[in-house]
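Next come two complexes built around chain A: one with chain B, the other with chain C.
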Partner chain A sequence: MQNILKHNYTKYIVFGIIISLMPTLAGIGLIRSASVIVLGAVIFYGVVAIGLNILLGFSGLISLGTAGFMGLGAYMSAYLTEILGLPFLLSLAISVVVPVIIGSLVGLVSLRVSGMYLAIATLAVSEVFRLMFSEFTDITGGFSGMRASFPSFFGISLSRDTTFIFLVVILVLLMILTDNFVNSSVGRALLTMRVSETAASAMGINLLKYKLMAFALATAYAAIGGVMYVHFIQFSFPTVWTVMLSLQILAAVVIGGIKTIFGPIIGAFVVFGVPELFLNRLPIIGDIPGLAFMFTGVLIIVVILFYPNGLIYLGHDIKRLWLKNRKSQKGGETA
Partner chain B sequence: MTILKVENLSIAFGGLKAVDDLSFSVNQDEIYGLIGPNGAGKTTVFNCITQFYKPNQGKILFNDTDLVLKATHNIIKLGLVRTFQNVELTRDLTLLENLLVGAHISYKYGLFANSFKLPKAKKEEKEIAARGEGILDFLGLLDKKNELTGGQPYGILKKVELGRTLMSNPKMIILDEPAAGLNDTETIELATLIRSIRTQYNCSILLVEHDMRLVMDVCDRICAISFGKKLAEGTPKEIQQSTAVQEAYLGISDDTEVD
Partner chain C sequence: METFFQLLFGGLQTGSVTALAALGIAIIYRTSRTTNFAQGTIGMFNAFIATFGLIHMNMTPWMAAIFGMLASFLTGVAVDLLIIRQAKKSSPIAKQIITFGIIMIFLGAAPMLFGVVPLSFPSFLPTGHASIMGAAISHNALLNIFIGVVAAGLLFLFLQYTRWGLAVRVTASNETTAKLMGVPTSHVTMGAWAVAAALGTLSALMLAPAISVNVSMMDTVQINALIAGVIGGFQTFYGPVLAAYIIGVSRNLLLFYVSSTWGEPLLFMFILLFIVLRPNGLIGKKIVKKV
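On to the complex of A and B.
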């Protein structure tokens, strides 16, 4: 019991409970009900960002194919539930497993290259998916998009507010699972590989196996995020799944803080939440087209230049500074 | 009894023959030194043994297994493990965690068991961590086990890297210039450590080194090479007296060029 309290689980669960209060707050009029949709987006993009962080932060690999795999999950689940009438949970499973298989095959071929070349290879795959979403009109509805409904399972049909809570549950679950394995031999192997591939293989770490694992995991998180997207937003259009989205998710990871669990969530909030919730409401500058992208772009530059560990360390650093200040004040008194 | 046998090893990079028909063998529980002037091909020999390079010719037998046929990441499973010239540890991990990376091949449970913290995975982690603490204790670093590796002094990093090799229960450790970057006191400490590793962990040690004092101090036998070829092999004393070695290091008194 003591172990449970000491463990990180507590902070994830507390975080989850706080977030899941948002629809209630909207219900009593404390926040606008449109904000709940924005926060829902922060949650599913947060899940995708956690996945990309496994790849980028822990394994040192890059992918620009995130949006493609997220879209694949979204379209598959919409098709399976709406057109084929499969139950939600079965559809969720299929819509994650199939992208993971495809992602692993892509990984098997493209992980022979690294860095810039890997980015280009994954970008190409993502663009192929995007074109398929708009061209295969019989399956995807083309530019008219694809509808989906709120999830229903075990005889319960969720509403918008309960779907939001369902998304929070998935997020917290994935945060806990991710925390567990990044702090195990698996996570250490990934980190060692990131620092030095030679050291990793000298220690018996099979590079291809672990790279492929990281790639498959990132794909799985992206597909889960896509399923969450389509059953919360209830629509999927091909124009959503562009390279711009992949870059925004990449930005979320970098801005929030790589190699952490909360970092990508903070990043997703900054990239996908802040412009909608605050910036666009500002007088005059709120009307500038493309303000959100400018905001993200400037923030990336600022963070990389001045805060390479990401915004997650902001709180940590402020606390340290405060403690140091207090200490020096105390020191001054005794002297 | 021979543990490592290098037979007629040759490797060329383009037209340059980095190692040329080199043969030597290391006995069980022996501390064996490989020395040579800069560019002699020591590190290349090293990388051939650990299969980072595949030799063009020759055999490398470790306990009668031909290493050339093995993938790089499988070498450690045979009980052969190495360190690096420029300490390759992960800064984001603690000292203990870096040691646990050395035990990677001991972990039976993977992603699934660890994601759900299954009891068997937790038990495994605990057992291996206990082994790691034992080794940190042996190195005198137990009180630092939870400190991050980044920012530790170089001498400590070298020890941690040695500790990481011990985690794999090796039969033989290959050290790539362990004294590089250490001061005199640290070098003497290292010599003691290398000797006690041999006695406590029953393993042979092959050491590639620049620092003559360390080599002469700890090695039972030495092989001196120059331009990829063997110059001499023998006890430290024999090597010191060998004219071929003296010429390679100091040059010949008349006209020929000096390395």
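On to the complex of A and C.
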């Protein structure tokens, strides 16, 4: 008990409680109810981004198949619950395990060669998935899409607002899980590997095993994000799961801050939330097509070039700058 | 046999489109040490510029193509000067991510400047068929294959027999040493981005008559070009080109003779299998890393 309190899980739980107040705020009219859907999107894309961050931040590998695996999870869960009538939790489990198995096979093949090939191999796999989503109309509904309903388990059927809270619960659980993971021996091994593969393998770290583990985990998070997507948005179209989505999720990780847990959430808010909530609402320039992509693209490059730690350190850095400024002003006065 | 030749030439035509894009990726990979994921997107953007010239400045398709390629030269130079050069000290992963940023900028810029409606770009040779072994191949398809082979060939000659080509090869093999020997490596890199952008644009314009000029026109080409790079190996310039033609032809054959739904997934399976069996590509050599 002492240990649990000492560990800073509290911040994740507090964060979760604050976020889960959003539907209530919308209920009393403080924020618009459309904003709740956008925030829901930020949550499930945030989950996917946290997963990708394990891969990118802690093992230095890039996957471009995120959207494909996310879509696979979404379609599987929709099919299992709606057509086969399986209970939600069982279908959640299956819809995560199958993408992880496929992902591991892809990872096993491409990671043996070099890290760079993972990006290209996952890109190809994601393309295959996208083709399958639109071609296999019997299972996926083709271009007319696939319906799903809000989750229900233990005899409780969730509404939109309670589904939102359910998403927050999953997010907080995964954040705590990720925190544990990156502070475990596996996390340390991954970090060592990122600094120098040669040094890591000289110290007895099995490169392939740990890279594969990171990739499998990223795939699992993507699949969970897909399941969350389909049961919150209640629809899945093949046009959603494109490479562009994978890039946006990657952007969320980079912009928010790699090697952090809150970073991807901030990034997901910037990439998926800000355009919907603010940019598109601006007068005159809000109507320009392509504005959101431009915004994200410029932000990626600016962050990589000038602020490689990500926006998560923004508050910290501003505070330090301010303190330093005040100190030097004081120093000037006394001198 | 007719069908076979029809498929073969169709495959060679897509192969040409992929080969030009793959060549651009290989040049940038060798000189800037990054996988350029934005190759297709830059081509798409400049295809829009060419189409703009065609529609609003009354150009012929040929003039518009040249106009688009000139514009792409400038785009390539701008991308290098404004972005890539600033990222010289970034890690390879950071550079790859920067190319993702470039993709998004151009994906945003294209609809801003040219609208969201897909535009059409005519074939260079709108009419005429040649009969080869009983298969009717349009003149335009033959022209596309010809352009692909000639462009690749000219580039090889340039790399192999000119001073600038030598500078590119030296930069590719070891940038620091090249700099010490007085090779203007930053000019080489800038030139590489300009040429790659022009190749991407040419490839986009060859594809345009078939699928119209739109923001996602180059997605498949980009993926196939990257795969061609992996299969052919980035160590040589001709490896990716060869692989691009092989992919183009085998895709067509698989789609027709095996299954129209499963052909594409099957091709990607074969490619993954190939990577397992020959990890360094068709012609690649193993690179030994030292501490």
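By our rule, the second predicted complex is superposed on the first by the 316 of 335 C-alpha atoms of A that agree within 3 Å, B and C clash if a C-alpha of one lies under 4 Å from a C-alpha of the other, contacts with A are read in each partner's own complex, and residues count from 1 in each chain.
By our rule, a residue touches a chain if its C-beta (ideal position, glycine included) is under 8 Å from a C-beta of that chain, and two chains touch if they have at least 3 such contacts.
The model shown is predicted, which means the values in this text are computed figures rather than measured ones.
Superposition note: with chain A as the common reference, chain B and chain C can be accommodated side by side.
Vectors from the Cα centre of chain A to those of chain B and chain C enclose 80° in the overlay, to the nearest 10. In the superposition on chain A, A:Ala199 makes contact with both chain B and chain C. Of the two partner chains placed around the shared chain by superposition, chain B is the only one that A:Ala189 touches, whereas chain C remains out of contact. Between chain B and chain C, C touches the greater number of residues of chain A.
Of the two partner chains, chain C is the only one that A:Ala124 touches; chain B does not reach it. Looking at the shared chain after the overlay, A:Leu207 reaches chain B, while chain C stays out of its contact range. Contacts of A:Leu177 after superposition on the shared chain: chain B is touched, whereas chain C is not.
Overlay on chain A (Cα): least separation between chain B and chain C is 8 Å. Shared interface residues of chain A (contacting chain B in one complex, chain C in the other): 196, 198-199, 202. Chain C makes touch with chain A in their complex at residues 35, 37, 83, 86-87, 90, 92-94, 96-98, 100-112, 115-116, 216, 219-220, 223, 226-227, 229-230, 261, 264-265, 268, 271-273, 275-276, 279-280, 289-291. Interface residues of chain A facing chain C in the complex, by the touch rule stated above, are 56, 60, 62, 106, 109-110, 112-114, 116-117, 119-121, 123-125, 127-128, 131-132, 135-136, 196-199, 202, 242-244, 247, 250-251, 254, 288-301, 304-305, 308. Of all the residues in chain B, the ones that touch chain A in their complex are 50, 52, 71-77, 81-82, 84, 88-93, 97, 100-102, 104-105, 107, 110-111, 114-117, 121, 125, 164, 168.
Residues 177-178, 180-181, 184-186, 188-189, 191-192, 194-196, 198-207, 213, 217, 259 of chain A touch chain B in their complex.
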